[in-house]
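I am attaching a structure below and will ask some questions about it afterwards.
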Amino acid sequence: MGKTVLVVAAHTDDEALGCGGTIARHVAEGNSVYAVFLADGVTSRPDSTQEESKKRNNAAAKAHEILGIRKSYLLGFPDNKMDGVALLEIVQKLEAVLDEIKPQIIYTHHHGDLNVDHEITHKAVITACRPVPKSPIQEIYSFEVLSATEWNTPGVDPFIPNVFVDISSYIEKKIEALTAYHMEMRSAPHSRSIANSERQAILRGSTVGVSAAEGFSLVRLIR
Amino acid sequence: MGKTVLVVAAHTDDEALGCGGTIARHVAEGNSVYAVFLADGVTSRPDSTQEESKKRNNAAAKAHEILGIRKSYLLGFPDNKMDGVALLEIVQKLEAVLDEIKPQIIYTHHHGDLNVDHEITHKAVITACRPVPKSPIQEIYSFEVLSATEWNTPGVDPFIPNVFVDISSYIEKKIEALTAYHMEMRSAPHSRSIANSERQAILRGSTVGVSAAEGFSLVRLIR
Amino acid sequence: MGKTVLVVAAHTDDEALGCGGTIARHVAEGNSVYAVFLADGVTSRPDSTQEESKKRNNAAAKAHEILGIRKSYLLGFPDNKMDGVALLEIVQKLEAVLDEIKPQIIYTHHHGDLNVDHEITHKAVITACRPVPKSPIQEIYSFEVLSATEWNTPGVDPFIPNVFVDISSYIEKKIEALTAYHMEMRSAPHSRSIANSERQAILRGSTVGVSAAEGFSLVRLIR
Amino acid sequence: MGKTVLVVAAHTDDEALGCGGTIARHVAEGNSVYAVFLADGVTSRPDSTQEESKKRNNAAAKAHEILGIRKSYLLGFPDNKMDGVALLEIVQKLEAVLDEIKPQIIYTHHHGDLNVDHEITHKAVITACRPVPKSPIQEIYSFEVLSATEWNTPGVDPFIPNVFVDISSYIEKKIEALTAYHMEMRSAPHSRSIANSERQAILRGSTVGVSAAEGFSLVRLIR
Amino acid sequence: MGKTVLVVAAHTDDEALGCGGTIARHVAEGNSVYAVFLADGVTSRPDSTQEESKKRNNAAAKAHEILGIRKSYLLGFPDNKMDGVALLEIVQKLEAVLDEIKPQIIYTHHHGDLNVDHEITHKAVITACRPVPKSPIQEIYSFEVLSATEWNTPGVDPFIPNVFVDISSYIEKKIEALTAYHMEMRSAPHSRSIANSERQAILRGSTVGVSAAEGFSLVRLIR
Amino acid sequence: MGKTVLVVAAHTDDEALGCGGTIARHVAEGNSVYAVFLADGVTSRPDSTQEESKKRNNAAAKAHEILGIRKSYLLGFPDNKMDGVALLEIVQKLEAVLDEIKPQIIYTHHHGDLNVDHEITHKAVITACRPVPKSPIQEIYSFEVLSATEWNTPGVDPFIPNVFVDISSYIEKKIEALTAYHMEMRSAPHSRSIANSERQAILRGSTVGVSAAEGFSLVRLIR
């Protein structure tokens, strides 16, 4: 029987950058994948419009269809301003989603990302996913996001992958999903480009001798 | 002449879990022990009532009598929401208590606990206890609290004890105090159980060859 | 089809202390478990005799039968003096075993243990298990050993578990295996006692809400 | 052609304590040095008056003249209460200054300082100075401030200098600037004294074999 | 006037993998670059022949010509067995080279590499380059080497770059030098391939917004 | 009744640099202080003579008389070449001294020092001082040594003091002892000078508001 997977990200596009290939592989292997986004990703920009917000949501819908995500939740916390919200409030909204989905596997942001929403998302996840008896959650992984994970002060909670998911057969799906988010991507040599994401997947793969991989840092694994 | 000891905890019951045996030993050895609690420990629960708050305070009163705590201070910051208060405000209230008690020895939370109130309590303590000339404070220790200290993301500010207080003769007092807080304890295999607290004391003790101990991480020791 | 598991330990008894319950569970679940021991565990003692060495090997044979280990290899490096051997020599002997067994899963010592043989065993494992293309190895875990892992200088490569294997149904097998090694165990309150090992299993379990667990630190997981 | 240098500090006097000698050397070598202060440094004190604030600003003006700082910006965030402001707001104000100055070299606080304003200043800097294509910023350094950098919990993001700027010919300028801030200095054996600052410069210098130096921790260097 | 640069590597090819582009850039900018290799890189292989050793030296000679290295020193310590040599002996031989070259800038291995010769090379460098008065050495950088730096136990002295040298105009020279070492390179998806080295340079570059870069970890910078 | 203190250092003069003031204070307070030196400190120098060795021992004798050290042990391991000795051999010789002295308090080198003998001395101490039941050892502290502790690669096991011993009344004794070792001291701005040692004591003192202090990193404290 398939497992239930939940991706908890700050903004739409983080899920594709961080674990798009792994999502596609989970789906291909018969698991059910859900996603929840804590912030919306556009309102912090001075010139953000409702139009833009709609475009972003459409891009997300398309990307999620490509990856095979069954359903997405938008919690709507203020973009790039989640440090102004009490953690407990975020945790409680996330717990409601967890109660509904009952996932066994969680993917979320690395706590050492430069982006303040990423850091808070990680904290909310580990708080909401306390390992109490009878909790369904068995696995929690942190992913990396180009232009956020590698831009913090060097040495401050660095991302060091110890889990490598072979996405050799899913790298194309990942690229396709990122293409749906082309509005959020930048041109090389900016860090957040589609070409870089592919390059990163090949390098992470070569670290463990496969053609393409996504790297994760293990938070918790219960067997 | 006896020393003056101050335990600074987020919630009542943290003092018993973290350093109940050490408190009892300090008292037995003629030191005066005071405690200050920054948050109240119940109001964050959706169904918290005044009745519950009263019960919690009664439990604390009983536990403190068992341990021999001379006087307790309740600063009343919002439970599990201390991240919404400016640190300076917490520090100033804590400084007022420090000015009154003039402790030589401080016990407080580990900064790497999952619980946000614990983390902030630690920050408030080290800020309020700056080692300026003529400060009476000579020793600061961090303690561990079951279901908070071991539940943070692995590797993020881990608790690593380097101080071991032999509580072989005081483990019963600690258990008695925790029993007063039975309302806050959980049944095994939940981490926060009385049986686990005893188990932890025996393991910490065996690390250094005694029957039971509480482990601490040294923050500062001036001789 | 079952997986092939290899435990790489410095001395006989380390495998039972570190992952005895997990070995028993692997066996019960249809996996094949092998073990290799790099040093012999007795020759460093000033009064060690051939008789003792034989007793130790008999104890190991019995413990391995209890746990269900299919075959053990003794590489015979000098006990507690492995820092006098070139790492390459150890690695090459270990590679020969790996070539024969072709394991998918490896359990070995934590690199931060106080015992010099443990530290070197870990280094030999990660060197011999380089993740080149076509390597069969998919998972590497570090385990903890009472009276070695917790006795290093605090803060120097601390053991921080992020993998928890539920051994609630296998704790008795672990205790039985340790009993076979009673010659190597000490009486409480020494850290290396059977009672402590059980206590540790219950505490590690309670961290994640199960009755008993062994904790591991993930080195590498490839999926 | 000279380079453009920007010092980003929480409070006036931090720039002199942290990198006063380096500023003077930059000026002597033909570089243009600017400074921006995020908080004002006096309003958190219970008895602070407008008079005091004026005195502090006069001291800063004098110190900056001594050091050769071309122009200073005061962003006016609430002193010792910057944890109450959303990071994004601070970042945006800082970005406006960066856009105007276009510095190649940045000096700012260490992220591990006890003072909450220092920590937030560091975060604001690395967020505002993201290394996007065409950014003028090539070098970012963290400095240490007596009575803040060494007073955090030991082991929490310690300041470890790897850059040493020889200020043998500029130590007198630094002392002179600190003398302008005499109101903020304390008497020995308080950590924040002029004598200590000189002592620290000589010790940092001796680490690398010169008469006096300021130590920095490198955040980023692009060549 | 040009600076004098010394690359201290364990084996020929490490200098090209670690800082080949940076070497080429130094040469292009008028600096003199020397290299010293502590081990020979072939004798540890069971089937190594004198023929192979000669080929390796020829490859190195060609690569060094491509990069513009002025002169190379081979110290001849036993390949992959440098842990069998007393550190002092290595340090003294290295000091002799340093005395001859008198470099201002040093590039060497990262201390956290899996390869034991890399780790020892780093230790020898920092021991031989103690910052005593009048030492000519002003800058020391650690580089990364594919299939060594990323293969150590995750979290053990990770390589975290904080210096980025733009090699956009020198990436071709680096590739050319690696091609001279084709005997030492592997095919993708092995980590140590020419394609991966190029990919890594582009990713390191994109981290800071340039087309290609080599990443370094700063050991010491004196100005 | 007085306590028994043992200083375990690599070379004579390390005890005076690391904890000379603390030794003098222990003696003044009625404790008995012993010292053991694992290496001799001169034979690694190419031109070392028996004459020099004798001078060094005379200096040590004088310094120990000044500080009040009751008796010293010289274990005679090869200077700066202790990495060529099996750790077990060093541990066994040290254990013999521990068995004779039965100290409650130990001072030794920091494990992160650049000097290889310092690092090994620390390892030997924590191995020989395993906290088994009935061990007399209650306190172990690491000290810092100018020109060794601050010269390792930045960030590699940094020395971070959390214990501060007020030596305001003993700084003169420390200086006097260092003067006996004038042969080993260097002139400023070399790190290892008497003036620097005094400066360091005043700075360490000012960190905690006293006139002079020695800083230590706590290894273990059992109460």
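Order of writing sets the chain letters: A, B, C, D, E and F. Residues in each chain are counted from 1.
We adopt the following convention: a residue touches a chain if its C-beta (ideal position, glycine included) is under 8 Å from a C-beta of that chain, and two chains touch if they have at least 3 such contacts.
Computed from a prediction, not measured in an experiment: that's the story for all the values here.
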| item | value |
| --- | --- |
| Steps needed, at fewest, to go from subunit D to subunit F via touching chains | 1 |
| Chains touching both subunit A and subunit F | B, C, D, E |
| Equivalent interface positions on subunit A and subunit D, same or different at half | different |
| Farthest-lying chain, centroid of Cα atoms versus that of subunit C | D |
| Contact-richer chain pair (by C-beta pairs counted) among A-B and D-E | D-E |
| Chain whose Cα centroid lies at the greatest distance from that of subunit F | A |
| Intercentroid distance (Cα basis), subunit E paired with subunit C, Å | 36 |
| Length of the line joining the C-alpha centres of subunit B and subunit E, rounded to whole Å | 51 |
| Residues of subunit F whose C-beta touches two or more other chains | 131-133, 151, 154-155, 162, 189-191, 207, 209-210, 218-220 |
| Pairwise chain contacts under the document criterion | A-B, A-C, A-D, A-E, B-C, B-D, B-F, C-E, C-F, D-E, D-F, E-F |
| Parts of subunit A lying in touch with subunit B, wherever the complex brings them together | 86-88, 111, 122-123, 126-127, 130-133, 142, 157, 218-220 |
| Subunit C contact footprint on subunit E (complex, rising order) | 44, 80-81, 83-84, 114, 116, 147, 151-154, 156, 189-191 |
| Contact set on subunit F toward subunit B in their complex | 131-135, 162-166, 207-210, 213, 218-223 |
| Contact set on subunit B toward subunit C in their complex | 146, 150-151, 154-155, 158, 160-162, 188-191, 193, 196, 199-200, 202-203, 205-207, 209-211, 217 |
